[in-house]
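Written below as structure tokens is the structure these notes are about.
Order of writing sets the labels: A, B, C, D and E. Residues in every chain begin at 1.
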Amino acid sequence: TDLEVTHWWTSGGEAAAVKELAKAFDATGNKWVDGAIAGSGGTARPIMISRITGGDPMGATQFNHGRQAQELVEAGLMRDLTDLATKEKWKEVIKPASLLDSCTIDGKIYCAPVNIHSWQWLWLSNEAFKKAGVDVPKNWNDFVAAAPALKKAGIQPLALGGQPWQASGLFDTLALSLGGKDLYMKVYKDKDADAAGGADMAKVFKAAADARDMAKGSNVQDWNQATNLVITGKAGGQIMGDWAQGEFQLAGQTAGKDYSCLPGLGLSDYITTGGDAFYFPLLKDKEKAKAQEVLASTIVSPKAQVAFNLKKGSLPIRGDVDLASANDCMKKGLAIVAKGNALISTDQLLSADTQKQKEDLFSQFFANPSMTADAAQKRFAEIISSAD
Amino acid sequence: MNTSVSIRDLSLNFGAVTVLKDLNLDINDGEFLVLLGSSGCGKSTLLNCIAGLLDVSEGQIFIKGRNVTWEEPKDRGIGMVFQSYALYPQMTVEKNLCFGLEVAKVPKADIEKRVARAAEILQIGPLLKRKPAALSGGQRQRVAIGRALVRDVDVFLFDEPLSNLDAKLRSELRVEIKRLHQSLKNTMIYVTHDQIEALTLADRIAIMKGGVIQQLADPMTIYNRPKNLFVAGFIGSPSMNFFRGDVVERGGRLVFIVGGQEFSLDGYTAETPLAPGQKVVLGVRPEHIAVDGDIAPGQEAHEAVVDIEEPMGADNLLWLKLAGQVISVRIAGTRRYAPGSKVRLAFDMSVASLFDAGTEERI
Amino acid sequence: MNTSVSIRDLSLNFGAVTVLKDLNLDINDGEFLVLLGSSGCGKSTLLNCIAGLLDVSEGQIFIKGRNVTWEEPKDRGIGMVFQSYALYPQMTVEKNLCFGLEVAKVPKADIEKRVARAAEILQIGPLLKRKPAALSGGQRQRVAIGRALVRDVDVFLFDEPLSNLDAKLRSELRVEIKRLHQSLKNTMIYVTHDQIEALTLADRIAIMKGGVIQQLADPMTIYNRPKNLFVAGFIGSPSMNFFRGDVVERGGRLVFIVGGQEFSLDGYTAETPLAPGQKVVLGVRPEHIAVDGDIAPGQEAHEAVVDIEEPMGADNLLWLKLAGQVISVRIAGTRRYAPGSKVRLAFDMSVASLFDAGTEERI
Amino acid sequence: MAATGRTGRPNQLFRNLNAKIASIPMILIALVVFLGGSVWTVVYSFTNSKLLPRLNFVGLDQYDRLWASARWIVSIQNLAIYGILSLIFSLVIGFVLAALMDQKIRFENVFRTIFLYPFALSFIVTGLVWQWVLNPEFGIQSVVRSLGFTDFTFDPLYNPSIVIYGILIAGLWQGTGLVMCLMLAGLRGIDEDIWKAARVDGIPMWRTYLFIIIPMMRPVFITTLVIIASGIVKVYDLVVAQTSGGPGIASEVPAKYVYDYMFQAQNLGQGFAASTMMLLTVAIIIIPWAYLEFGGKKRG
Amino acid sequence: MADHSALNSVAAGLDPAKSRLGEGPSGRKPKPILSRRNIILYGLLFVAAAYYLLPLYVMVVTSLKGMPEIRMGNIFSPPMEITFEPWVKAWAEACTGLNCDGLSRGFWNSVRILVPSVLVSIIIASVSGYALANWKFKGAELFFSILVIGAFIPYQVMIYPIVILLREIGIYGTLTGLVIVHTIFGMPILTLLFRNYFASLPEELFKAARIDGAGFWQIYFRIMLPMSLPIFVVAMILQVTGIWNDFLFGVVFTRPDTYPMTVQLNNIVNSVQGVKEYNVNMAATILTGAVPLIVYFISGRLFVRGIAAGAVKG
């Protein structure tokens, strides 16, 4: 049966990963009809939502974990996967459990998680630092200290794309890695406006201002263009989620040799685990409904998990798969998850509305050097105080 | 005689503007009625009401005794000819003529017969295959008439059909329309603001002003015995000469005084009795003023000074200063006067008009 | 008399089309010259050449003895009045009058004086603060004339200034223009295709056809002694009646024969000798035909049948069948004939015209 | 008179029935989509609808938040700058081009096609091309620098304070051709006698344009104004394709705010509030105009 | 001046018998090709033309270069080595997600969307404009005013209600739905154009046809349509460009297998795999713009004429 699957995985690494899923699904005798929409989730989600609410749903669609699809579920537009999940014992195999929790609404499971993404990575170009004549940094502070040398060598210290979510993600990463777990949870989970406006957070904002100076001059838009600057040694480093890994891999680079990765920016042992999940709109067609189940089960299956996540550079959602072929970086990530140091991602903690406001704030902050850290923090506190 | 078109208490408003007001008009079978009036007086509006192209606000319209007030234009038995010809530009002349018949599903043979007849009457046979763009103005108007002709209607409506033509063509087509009426004997209602057309074509003329009919009569009556000052001034080119003055008694006889000059009213036949002291307007047409040699012996004469003269070939128009105003006098084209020269002139009171200065009605 | 405007061998082509051809024309100082011709004959083109709005292809133009062939319009000392008025719609009347002067940096006081004078001459004083949209057609045309007037030019050019006005206004403004010319004594060149305007206004008329001047003469000569068939037919309304026939000798005298009817040519003064057997065209104006009672005793008379009559108020136009064709005859408005009745008529040969049937030139 | 035939006034509803039937699509679109849709939007702007519309009224909360949002303020400012400049420059450039074209030039067709062809391209394409041309690394800046002017800086799309002008350049490129066309049509409609009269009066060309022709073209200017203005309010694709609102939020526009908050932030209420503000602005400008144009004067 | 008159007198001397020419200039006023007026006039025109052509030039040149050459710098320099690789790739090979058939699929989808949308929207708008111009009825102008104001409403505002509307009718996601959406948003401006155009035709023509007994549709088809070529061309051009270039509706109201070309373009341009392939992007851009461009080049002249007839005579 043909099943149309919409997603926004269009960069090189992503597309390669999707191909693995499609292959696995096609192998079950069904057909994966690819509905890629380019231009990141911001472009794609409205289209997906319109189609679901407009009564022309696709067979399955990607969303980020968390609250993006909550209302669709509440409106009864999505398919309940609880039966399948019980049958395949998802509750037991999927690690960390928070992943499945965010698929669960009123005790029912509505999505199949595909991968775990963590945001807190600093990717570094070994070549760039060699050229600048400094050692490859071991953490964020080293990186900041090396920036002048990079600049002198004509190298952009920090690569940052223009898309608002990148700026926002960078800041959240700084908040967790520099501010620590407690601050992160207070601000993002408890929505504590005092903490958001407090002195600890002010330090994070100070660091963000430094990052802003380092990022000045990287005139690229897409995240993977920014990654490309690192790959080609035009930039020293980039703060980006683990999906950047896929790009390095596609470029044929080896972790440790050509590039380095620092989870938690080398300062903290925590990462957040968000990620992507597939949701299945309620369909009238029986055949398709059956195919949906097959797809859900394929996605969670160990084989597909390995194939997919290796290509994508993200972590698999189950603890029981063998990732022997994973590279250094992935292994670092897996180790942290195994330690139980995985926190819930901002996507799950904050509503899309709050996220958007945050994006607006930080994209403005990073683009506009005249905005002071204080002003930004004040606004940030406001957003957190009204967050839901 | 039977009435062909009958209009009862017709009113028409465009929004708040009343264009026609309580209009009544009976047109006889076979009559040629001309609606004459200055621009904007509602002539076209009235015609459009008769044709059914405008919905009346009040009143009724009868054609051949049938109440057609709310009927579709095509069912009223009328044909209409427009100032701008309104030929369908993308169709040949023949197709223009056939169109209405085809729409009405008239049999082919019948259509051909009727087109042939119209083409013969109007002498447009050789033009049938051309498109309107390839015709001259006069030819176009003939085709437009033909379009009404083929439909075999009871009443022809013309809305200033000749206004877009130059003077020469205009007078030619005028004669043709007159001839057409004489041979077809249809009822024709003809709108114009050209008084020559009105005078030469009409059996009766209805003079309109502000949506009201001022006078409805045959051309000679309109010309010679205008009912009020408006009609008197409207008809005739150049206009009638008007003198605002008083009626005074002089030795048992009534005379008219203006600017110190006295004119005997003996020859005038008043419709309502004249009284001394009455303020009146005397109207005399330019051709009813005799100059120098034309003055009959014994006729009362006044002196005037030539202001300018306008020779027009057959006639010569003199503008004279008399009683403090400039009047026009028509004399033969062969008689010339230099500006400034003195002439003697006499009014023919038997064909003059007197109006009450207040009501402006004829006395 | 001095020439004011002089045109030498003027030719003008639009691409391959020759609109004016080797045209020569001398206009006297203070003269009122009318260019008359049917539509498209090149009148406006000639006027535009004189104004400098069109570049000539060949030849020269002199104004007041100065060669202005290549000069800008504003330097030629001309003022121009257009059919469409061409007033600047968003400016007040006053501004319309001043604008050209202001641009030319004429001193303020001077401007005011000139505007006041023009306003007085044209009686547009009360209109000065209005915009053109708030004026009637006649008032607009007066302002347009004023615009030429304030510029104190030597030569006024009028391009059909009255064509857009209705008949009544037209005759009024005609008189005004005539008066204006009499008081200003400027040279005026006036384009029209209305022959009444031409006849009444002109000192001389130039009749044009196809870019060539056919006859240049004073109105009475044009009217009474047209140089060729075209001019004869063009001037006069209704047209001159033409009869194509032969000159034959009858008892030592020359007579004209058409359709079996003979007309004595005794009264006619030929410019070139007539010969028997010559094919000629006889032209007689409608007002030069006497009917019934008007026929002088002893005058040669013929019988004709009334086809239709067209009463026009002052006159009555009879269409008669004579010698196999329809001719028009003008009689007094008071005399009426029913269609089909028989009348006797006589031609006044002393004012008739004879043309060679081949060359169409006057004999 | 025998009163045969119909006497009474027939039911007005059924007169011109065909015309009314043929107008049904128009009426439906006007009432259901435009009017209904707008009312729907306004009503829901007073709710706290998130991803799906819900009738849960919260008063003016959405508006309070809207006007407290820095991004909305920037959007409004950008729209104002872009709108005013775009109006002025479109009209001026469009008119000047039309005036040039009206000088009986050679190759008029060629020039007209050149000026008009961008109008055939979408804003997406326009945005992409200009993004490319204005790119400091490849585009004009680098070219000028490579010519030796190493200090030359022209990077409107990467400089928050002038980014809106970068968008303006592209917008004008796309739209002035149509304006030129409209103006040219207007110029051609002007009575040639006016030109002649002005020449005879000795009024120089530029003065004639300025004081006579332009005032005469008022209706054309109004039509053009309406067309440009309706495009300005909607400007969205161009910004998305060229800058995605960046750098930061420097080139955000209201239409994008609406879209982002409705769909990306999944806060319909906020999006509707922003749309309502846009509607209100449009209504304030348009309704008087539409009244004058279509309601006030009756056509013959 | 002086030497001109000298020349003329020589010319005049050739035929002294005929000529009455006097002193001074004669004949056509000389107009040097390089007059100041011409220099300014054409100078301005060429500068403007350069501004308008520059992006097109950049697009074409870039699309013919290879990536290495692009990275070297100057976007204005002509390609050293012309390659059609980017074109092939843009048309048939560029990937979005798993679909690697470039724009070609989108092209046919666009055609399938374009044809019915253009036809339906023009038919409905022209009939409405005709009814408004010639068959006035109570309220017509009011509906029309609403429609015209609708032209100013940002599309985004209307998307949600329309999604709901189409869902209720049950045609969301179908071609019919998209055609309706295009018709709705084409209505205001097209109706305005048609109404103005039909109103500018002589009303007497319409009256004559009514007297001839033709009804609403007969007059429309047999009298009005044959006279309305220019305005139909304008409407056609506006709709072809508008619908072909549409992105928002295409993406919201279709599904991936029916995505129009603009959506494919967006996907290709935004699916950056490694480095941005500017040459492919430019080729894709040109290919996407080709249809409306061709329409313009072919019927541009009629467009101007129609604009004069329909838009300016408001």
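By definition in this document, a residue touches a chain if its C-beta (ideal position, glycine included) is under 8 Å from a C-beta of that chain, and two chains touch if they have at least 3 such contacts.
As the structure is a computational prediction, the values presented were derived from the model and not from experiment.
Colleague: If you apply the touch rule, which chains end up adjacent to both chain A and chain E?
Modeller: Shared contacts of chain A and chain E: D.
Colleague: Counting C-beta pairs in contact, which chain pair has more, C-D or A-D?
Modeller: By number of C-beta pairs in contact, A-D is the larger.
Colleague: Could you grab the centroid distance between chain D and chain E? Build each centroid from C-alpha atoms only and quote it in angstrom.
Modeller: Their C-alpha centroids are separated by 16 Å.
Colleague: Between chain C and chain E, what is the gap in Å from one C-alpha centre to the other?
Modeller: Once rounded, the distance between the two centres reads 51 Å.
Colleague: Please compute the C-alpha centroid of chain A, do the same for chain C, then give the distance between them in whole Å.
Modeller: 92
Colleague: Would you give the residues of chain C that are in contact with at least 2 other chains, written as numbers and ranges?
Modeller: none
Colleague: Among the residues of chain E, pick out those that touch two or more other chains and give their numbers.
Modeller: In chain E, the residues touching two or more other chains are 159, 164, 266, 269.
Colleague: Which positions in chain D are in touch with at least two other chains?
Modeller: Residues 15, 135, 259, 262 of chain D touch two or more partner chains.
Colleague: Using the touch definition up top, name the residues of chain A that touch chain D in the complex.
Modeller: 42, 45-46, 49-50, 53, 68, 70-72, 75, 162-164, 219, 221, 351-353, 355-357, 360-361, 363-368, 379, 386
Colleague: Tell me, which parts of chain B touch chain C in their complex?
Modeller: Chain B reaches chain C through residues 38-39, 166-168, 171, 174-175, 178-179, 182, 193-196, 199-201, 219-220, 223, 235-239, 285-287, 307-308, 310-314, 317, 319, 330, 333, 339.
Colleague: Which of the residues in chain D come into contact with chain A in the complex?
Modeller: Those in contact with chain A are residues 50-52, 65, 69-71, 135-137, 155, 158, 160, 243-250, 259-267, 270.
Colleague: Where on chain A does chain E make contact in their complex?
Modeller: On the chain A side, the touching residues are 4, 6-7, 9-12, 15, 18-19, 22, 32-40, 43, 46-47, 50-51, 53-56, 58, 222, 224-225, 228, 247, 250-251.
Colleague: Which chain E residues qualify as touching chain A in the complex?
Modeller: Touching chain A: residues 95-99, 159, 163-164, 166-167, 170, 172-174, 251-253, 255-257, 266-276 of chain E.
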